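Notes follow once the structure below has been shown.
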């Protein structure tokens, strides 16, 4: 089963992801990982650190002649800023960070916690997700994330297929689907910066091309919605997640929530096997399993915790009031977070794919994908 | 480490939870588990099944003379309705259920999926959570859940400590904190029933008495917010979760989100160690760790999927349009779900407690709790 | 992935195994589980407890109309002797048992440890293994265990296929492959009993019908030999395990250890794919993966720790010398242990099968088995 | 909980170990890791590769100012020989290697398997174990491995404490405890080399300074003996393991196996708490838990699979007989393996230590170690 572990600190040698269980025989394009790393560094509203770093992945293991071999794949994103041993200590914990609770839990200096709790860790998660996408694309599964709100400005997605939406997003400095509203948003970010403040936002991710039956209803630990929720909420600064209609579903009657099922034999050859749904309020997930409709989720990101105008805190040396410590930071990192969330979702989808279809080799996985759909079609229509 | 696994079907012999890693030496009160099971069966808007069943736990293992012994604790809630082998097959999958995707995934009959995907499984999760609470209470940790919205009616929590709130909740047939609004909500449920419709809602849970440092920032898989999210989202029908301000945090500037830190030596003996916060917008979690403030979370429950007035579906035998299958069901189960969510949260908190404080025996765990706070106090104020 | 958890005490309500990840659609024969449970209770040299209990499995979940449904399968073996709350306390720890270390670890009474550390827990493990065999048999995989030594008497296996060996074993009261030597062994057991002593022995298990590629070389945690070793060593009283030539391999030069490879096209349709080996010194495992030859392992069982003539110990109340506590026990349980080891091996093989071939449904698993062999044959001989 | 994952190939960029759950605040000496890596490369009988490589660890993450911070620790041992993309393909699978079964399992080239199945992976495991030892030493726990047999020559351990034994071992080119027998063993290795043959052997490891209660009887997956067995058997070429008397225990009556218990108040302050045992036939483990006596285990290593005089195999291109492929290799690697086994044992002991004593910080872990012994002493002797 596909899974990964990360390591690394904000100002250490770099960030690492060790990916286990990736099928053998997949050609890996490191430049696709770099592309995602670059997207993670981008977006209007970023601070100095992004000007120092220029993230590129180094693949330390798991490939031979450019292809996976079935062994663990270690990815490293080296840091340029490696001052971990010299960096000045933090004495006043920053509200919203893990400074206070982490230093108490570990009975150690705040700096030790801050180095690992840093959002730079998400570079490793993006790299793992970007690797996972290279498996998904071979099954025509696409994972697409974008910014739906920044601060008080909402940018609802227009209609259109993923190609259309992608071209919109890639023209927006804020990774929204409305590049024409960039100016408005940028000025709100500029205003926040001038006020010594920060902004959060809302991210949407959709996954298309899914088969039936990723995840499982049989064990709560294997429900795909639960796993996606853990993966997304564990991204720093994410404070909420919803699937499909989400909280809105709680407020509507059932007749306006659940997605009717129809059968259209002309689509029997697609992963939908012919079962079409006029709506997708469930966001592609029923009983913890994919239902062949796009998975759609939204995540809420709180504003960056390090403010230009620092919040009240306490000096841990003196126990007297003191402004929160300052470290260089962003004003708004919602675009970056949209890239992170997109990639952690991609990883969980790929993981569920290897659970359903096995993962020893791409050859076998592909043959099993076809086999499953053949068996399913025969079950549905034995003629 | 504390963990659990469930088994059982809707109309099988019963539901089971196997709980591993519970500390030795804890006196268990089965009646406290039964109390939660009864609450799970209650709430206005329930259907016939709740009149058939009258859930009581049977503890199959793990106790000697009423106390835990360090071995696995198996809990069983026997079913009265055990017709699993006779129950009629479902031919038209019900939108919102796992009928369609589950039967395709497993290449088998819908009934096989429906038996396990049933919300009756949550009885096992409630039992495990209720057991976990008996550990938490020994550390003065309380987990409290209630209904904050049903359909379009919101019932915001009034101020007050947990005792006040609990007495309000326990007087409400809807498990809200405003029993005086029961009539209004009940009539909206009655109306939905008459319309052949169903209602969802929003649940809040708060956890008080927590120490610093449950969860960890160091591995994304161990962040407490991520684990809580998985546990809650994996409850059937839950489509969203948020912590503290949640989605609202995305829309406010940072200065109005993050919780300032102050030091009040008079509270140094409490689990807060003297660090007080005028607000709790973070919902008690920073960098994936508890910060000694109450954990506060909200979960969105979609309406029940089985409607009196069935949705459009397809007969899987004929592949022709057909109304979705009907099975006896509830009109509104938000009160029940509030009990489920409360208990799955309790379990995750207890699990995090055993990770932080170890779990061989209650004697050792308690001594370590004191030890940790002593060490932390010495670190904060070495004088 | 297939896995299981056990619960239960020696004198509690019974023993349980919760089996997760068993494929859907497998017809289960409870009588086959009972057959193994009966074998576990048998063998010459057993004590009183086996006359009290007459183990039969009760399947609490996971079946509908006699077939698995993809959900967890809970197995219970009820105890007749349920005196857990009345049983007298143990004051002098028994050497060889977990009495001393367990009561210190858990800071509690010895009896709490003894109830869970009891070899009766193996009834749950046998039940889980016997369930797993019902999957294996559908792939023509057989797991066969027998006694190779008891005390100082060795009973080497004669040549012959599994049918021949099984009929020998099933005629032996000691589960050896030489029923004609039963009298000799029984008298050595009788002698040990008269001396207030006990006997151990050596068990062999062989697994036939395996495909290539169970386990993996890529992660040490997934090597099949390592997993088998953990499963077998964790059976109470097992103090050693070896695969194939085992310790003997350490003493021979490489030229007399490694198994040459030949190709015989007439066997290309078998799981060996035509690769035949004149020897099987590796015991069917190379680089942590099955190599299509039989897996052969041997396990050493120490003598029963409770002696008729008790060993020296200490009274924990007085800290004065005292004979070890006595509880009814067996003189020799090697035959029973051979059944336990056979079944825990069966479970690990089935687990590895679901890892390689997936486990949602038997239909899919079988089709994948064929698919894998087709792909492998095409790779070997593309013509 | 402490755990680790490895990555890397024989001729890739290097070998990696990602260690999770190491307590914060431990000063790490990289030179101690390098010392073990050098020992792994040594021993008489090694081939060319050891002359090319000169392993040194690079610590990629997890430290700040030389101390652990509670985050994952990534260790890398760079390869000098990095020809993974150019190395010639293997066409005739080598008996004893994973060449045949691995290439079938993954439906790919043998070389892909050979790169990861290589014993060079054990460098990563040694590094992880050497790191773990730096935790153990703070609790006065020592793990000591040596060679007890090579081929047909047995070198039984003399009496003496660990200091004496260590100085003997460190004077032996074969890592035995009898440097005066080196000449005899070296000439047997030379003879094997001249014959185009290879030699295996037997390794012993003992662990001293252990507390009561590492591991657990309550879940078979957590028994310490089972975990040690998995860790050791998963070392390439290890075909057997035994604890204490091991297989010999199977052949003796119980009265000559189990270790009597005595109480000596003068030793109550040691980790034995005063419980002394005249023998240690159990090898320090009863019911899957440490009993404060030294853990003693023996592992059997088969001879190296790559023979100077190659074994019969098959050319996979032609399916015709062909000698097994040759790659540079050792004649005897038992000394190296003794270092590997020592270090994987060290890791499992450290893992069990963090399970029993928690692992957030060294400060807390040490205080808990004292606390546990205080509580245990009070339980034993309440006066």
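As written, the chain order gives the labels A, B, C and D, with residue 1 at the start of each chain.
Following the convention adopted for this analysis, a residue touches a chain if its C-beta (ideal position, glycine included) is under 8 Å from a C-beta of that chain, and two chains touch if they have at least 3 such contacts.
Please read these numbers as outputs of a predicted model, since none were measured by experiment.
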Tell me which chain's centre, taken as the mean of its C-alpha atoms, is farthest from chain B. D
How much rotation, in degrees rounded to the nearest 5, is required to superimpose chain A onto chain D on the basis of Cα coordinates? 180
Geometric centre distance via CA averages, chain C-chain B, whole Å: 38
Just how far, in Å, is the C-alpha centre of chain C from the one of chain A? 44
The distance between the C-alpha centres of chain C and chain D, rounded to whole Å, is 26
So which bits of chain A are touching at least two other chains? 5-6, 20, 70-72, 105-107, 113, 116, 213, 216, 218-219, 356, 360, 363-364, 375
Listed in rising order, chain A residues that touch chain C in their complex are 1, 20, 70-72, 213, 216, 218-219, 356-358, 360, 363-364, 367-368, 371-372, 375
Please output the residues of chain C touching chain B within their complex, sorted ascending. 5-9, 12-16, 18, 20, 24-25, 60-65, 69-74, 76, 84-85, 105-108, 111-113, 115-116, 360-361, 363-364
Given the complex, residues on chain D that touch chain C span 5-6, 93, 95-98, 100-102, 104-107, 113, 116-117, 121, 125, 149, 151-152, 192, 195-202, 212-213, 216-221, 223, 225-236, 239-247, 249-255, 257-263, 265, 273-275, 277, 282-283, 286-292, 300-305, 307, 309, 311-314, 316, 319-321, 324, 356, 375-376, 379-381
